[in-house]
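For reference, the structure I am asking about is given below.
Naming follows writing order (A, B and C), and every chain is counted from residue 1.
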Amino acid sequence: MAHVVVPENHVTVRTDSIAPEDAIVNAEDIKLWYGDFQALHGCSIAIPKNQVTALIGASGCGKSTFLKTINRMNDLIQTVKIEGSMHYNGIDLYDKAIDPVEVRRKIGMVFQKPNPFPKSIYDNVAFGPRLNGFKGDMDALVEKSLRSAALWDEVEDKLKQSGLSLSGGQQQRLCIARAMATEPEVILMDEPTSALDPIATDKIEELIHEIKKEYTVVIVTHSMQQAGRVSDRTVFMHLGHIIEEGPTDLIFTNPQHEMTEKYISGRFG
Amino acid sequence: MSNLTQNTLLTPEERKRLKARQRTGGILKFLTVLPIVLAILLILFVFLSNINNAFVWQTIKRTGSSSGMLFDKKEVTSQEKGFELELEARGDDPAETLSDEENRRKFLLRSRIDHLPEANGEKDKVIVWTSRDKIVDQRPYLEGRRLKSELAAEAAEEGYDFALNPLLDKAFLTRNGSSRPHLAGFRTAIVGTLWVIMLVILLSTVVGVGTAVYLEEYAPKNWFSAVLEVNLRNLAGVPSIVYGLLGAYTFVRSWQMGSSILAAALTLSLLILPVVVIASREAIRAVPSSLRQASYGLGATKLQTVNNVVLPNAVTGIVTGVILAIARAIGETAPLVMIGGAGFISTIPGGWDVLFDRFSVMPLQIYSYFIVPDGNFREVASAGILILLSLLIAIYFVAFLIRLRFERKW
Amino acid sequence: MKSIGLAKKARPQEEIVRFALLACALISIATTIGVIYSLSVETFQFFTHPAVSVKEFFTGRQWSPNFQNNQHFGIAPLVAGTLVITGIALLVGIPLGVGSAIYLSEFASNRTRRIIMPILEILAGIPTVVLGFFAIFTLTPILRSFIPGMEPTNAMSAGIIMGFMLLPTVSSISVDSMRAVPQRLREAAYGLGATEAEVVMKVIVPAALSGIVAAIILAMSRAIGETMIVVLAAGQKPNLSIDPRETFQTMTAYIVSAATGDLEPGTPPALALYAVGMMLFLITLVLNIISHYVVNRFSEKYD
């Protein structure tokens, strides 16, 4: 894989184009360095509202890094330098006046490994709203979020128990509920099922289908099958470049770029 | 949908709230820096206050040739020489007085030489033999300087002499202990500390590293090893004064060692043993097991593996741990008070039975300055404290360098 | 298999070394036995002495071992002194220790941390006799200049300095437990739109709480057992009071005063020294055990 070089001036192959009014997130020419190492080489995509966009590619291709530029999680790493622009509903997320905290408030995130806080299930879900000074009915919000994450029936009578007492799959759904409780518009998922067994994975995938009615989902996955199952659009990345992007069925059935074709057919990666 | 004029994602209330949250965060961050600043200030303050106390200004009122005088620095080269000069000034024959045991004792009792720091140093060293409360005023450095500038005008006419008389000078290091503040030296304490600490290093390293090797490399996983672990952990929390009681009862009385260097060394060794063991175990545990397996794979025995693989790779951690533990032992006072370490001893430990000599060590000597009612010892104590602290800082610095130099590569 | 047997015979030094190492390990057990034995013998003699009553020791309100006509062995005043000073020390030491730990673990850059850690080590390494001198000759005059009724030796000055002495202990154990909180909990909180300070106060500190509590209990044990600071700065007068401006004698200070006071061996005041030592040993032992229990029982298990 590593020996396949991507020319610096590679132009992303796009099977279709997204009308600006349909896009909720617009990344333009995002470049990112970890110290001296350049991890992203000018990535541009538009992410349409209420759809699931999957980022695929071999490990180390920069898909997680790119995902984290969307909610400015990379700002937490001291050596990171970012160029380019990232617009959310027309607002430049990297504008000086924008606090990364508000970005993450609007663009939620679910991580590789389930990471519930060592607090009760209730407190896990209520964590975000409490930070934001939520004034409404907290019980109702917690229930709504847990229902949206298809977890309510399983935890209804043990809301006071520690989030860590749940199984791995339940923990991940708790994390999704927790992310939804702050009522973001976009939810980023960084390989959300990589630590889970197949049955738990199924449930999460089902859940992703459900929640795209209300949220825009961007999911990083190392499994092409998963991308095929859950996503509407797929973005294929390699060595920090976006090689090709387009509707998932097109990418999988009729990839335009040679590298995409090779990756899809399993000849590398 | 898009709103290009807006530069926030939040509603005005949310925005306001976020500003407040960030402000609270800033205050919290400041509050967590504060303890560090205070800690650094305390360390500086401890140093400076002791420097201030140890470097004193003396104000000597000239009231006529018979009641006080300054000697030139070249004249007073030793304590004995000071006595001679004093006797000469009184019109006595120094040789006669000092050679006769009885006369000498009487003279020393009356002598006011105790305002003399060993006068082989700077010009300002002073001999005064008038009543010190009237004529000589000794002030900490800063206060003394102020007084000096206040009295500057009078000094010329009325006759004041000012002398910067650091109690901490070369002679302080080489004089023996004394019950007179300005003749008190730190040599006995320094030698005592050296003897005790040498023994402590020997005992605690052998037993401590031995225990660590046993626990990490040999001990089977059974109840006995568990008892060993719990026991060590609890010993680490036993107050040092309780070790002093153990030493006093067992070593000093039952084993009849008396208040000796050996009893002190044994007590301090037991005191720092848990620290040495814990540090050594950490260092041994940090040696990757792949190295051990490689050694066993080559057919080495356990002993060979420990000797050739484990210990060489753990030595930096062990040495650093031992150094830090020793630094603690050097500063310990309470347990040595318990076993009867002396404040003032006039003989330097040494000779074939040195282990059973009575002793003083630096912190004990400092504490002894506190017990005597003479207020002038406060400044002497500061001089001692400066030496003790300098030694400890040097030790910490060495440990720091070792850690910096040999940081683990795997 | 035969070769193994041969190898064993050919290397008696292996067995000798194993035995020698075991002997080293046993010295720590012997130390514990020695401590308990040496404390018990005289403590037993103390409590069986006709001039002493066990009941008075624990419930009496007067500690006057050296008054021939009015000899009382009620430990309460010594305990009061110990508790007042320990209380002040914790009041000072906990915020300082936990605060600095939060800074070192969460806010400081690696570089800053590498500079500050050795400085705290130096603070931990200042002999307590030096701190005691500082308390009585530098801090006390300052406090006396603006607090009316402050005695020349007092609990407050000793307690404040002892609080600084506890700072490195509380700080280093708290730092360890905060650093042990998995990175992914920090990410989770940031991902939910928490500010840096909120991540620390709402996630890291609660998750590390068991370690912090253990650190505080350990610090308390150290404060109770601390000797030189109180001997120098808090005074030598048994005092059943809670006023920090007053002179107090702690348990440890009594032990020192009795040991340096030329007491006749075997008399109740001399034996009392060991009884007080036994109390001190038991109290600190219990605190250490609790501290470890807290760590093991309440720390979150992350996979």
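Simple rule for what comes next: contacts are C-beta pairs under 8 Å (C-beta built on N, C-alpha and C of every residue); 3 or more make two chains touch, one makes a residue touch a chain.
The structure displayed is predicted, hence computed values, not measured ones.
Taken as a graph of touching chains, this assembly is fully connected, with contact between every pair of chains.
Chain nearest the geometric middle of the protein is C, using mean C-alpha positions. The distance from the centre of chain B to the centre of chain C, with each centre set as the mean of the Cα atoms, comes to 21 Å.
One finds 50 Å separating the Cα centroids of chain A and chain C. Mean C-alpha position of chain A lies 59 Å from that of chain B. For chain C, the set of residues that touch two or more other chains comprises 195, 198. Annotation for chain B: residues touching 2 or more other chains are 18, 21-22.
Of all residues in chain A, those touching 2 or more other chains are 101-103, 105-106, 131-132, listed in ascending order. Residue ranges on chain C touching chain B, taken from their complex, read 7, 11, 13-14, 17-18, 20-25, 27-29, 31-32, 34-35, 38-39, 41-42, 95-97, 99-100, 102-104, 107, 116, 118-123, 125-134, 137-138, 164, 167, 171, 195-198, 200-201, 218, 221-222, 224-228, 231-232, 252, 255-256, 259-260, 273-274, 277, 280-281, 284-285, 287-289, 291-292.
For chain C in complex with chain A, the residues that touch the partner chain are 109, 182, 184-185, 187-195, 198, 202-203, 206-207, 300-302. Across the complex, chain B meets chain C through its residues 18, 21-22, 24-26, 28-29, 31-36, 38-40, 42-43, 45-46, 49-50, 53, 206-208, 210-211, 213-215, 218-219, 227-228, 231-246, 248-250, 254, 270, 273-274, 277, 301-303, 324, 327-328, 330-334, 337-338, 340, 363, 366-367, 370-371, 378, 381-382, 385, 388-389, 392-393, 396, 400. Remark: chain A residues 20-21, 88-92, 95, 97-99, 101-103, 105-106, 131-133 touch chain B in the complex. Interface of chain A with chain C (complex): residues 71, 73, 76, 78, 101-106, 108-111, 113, 115-119, 127-128, 131-132, 164, 175, 178-179, 182.
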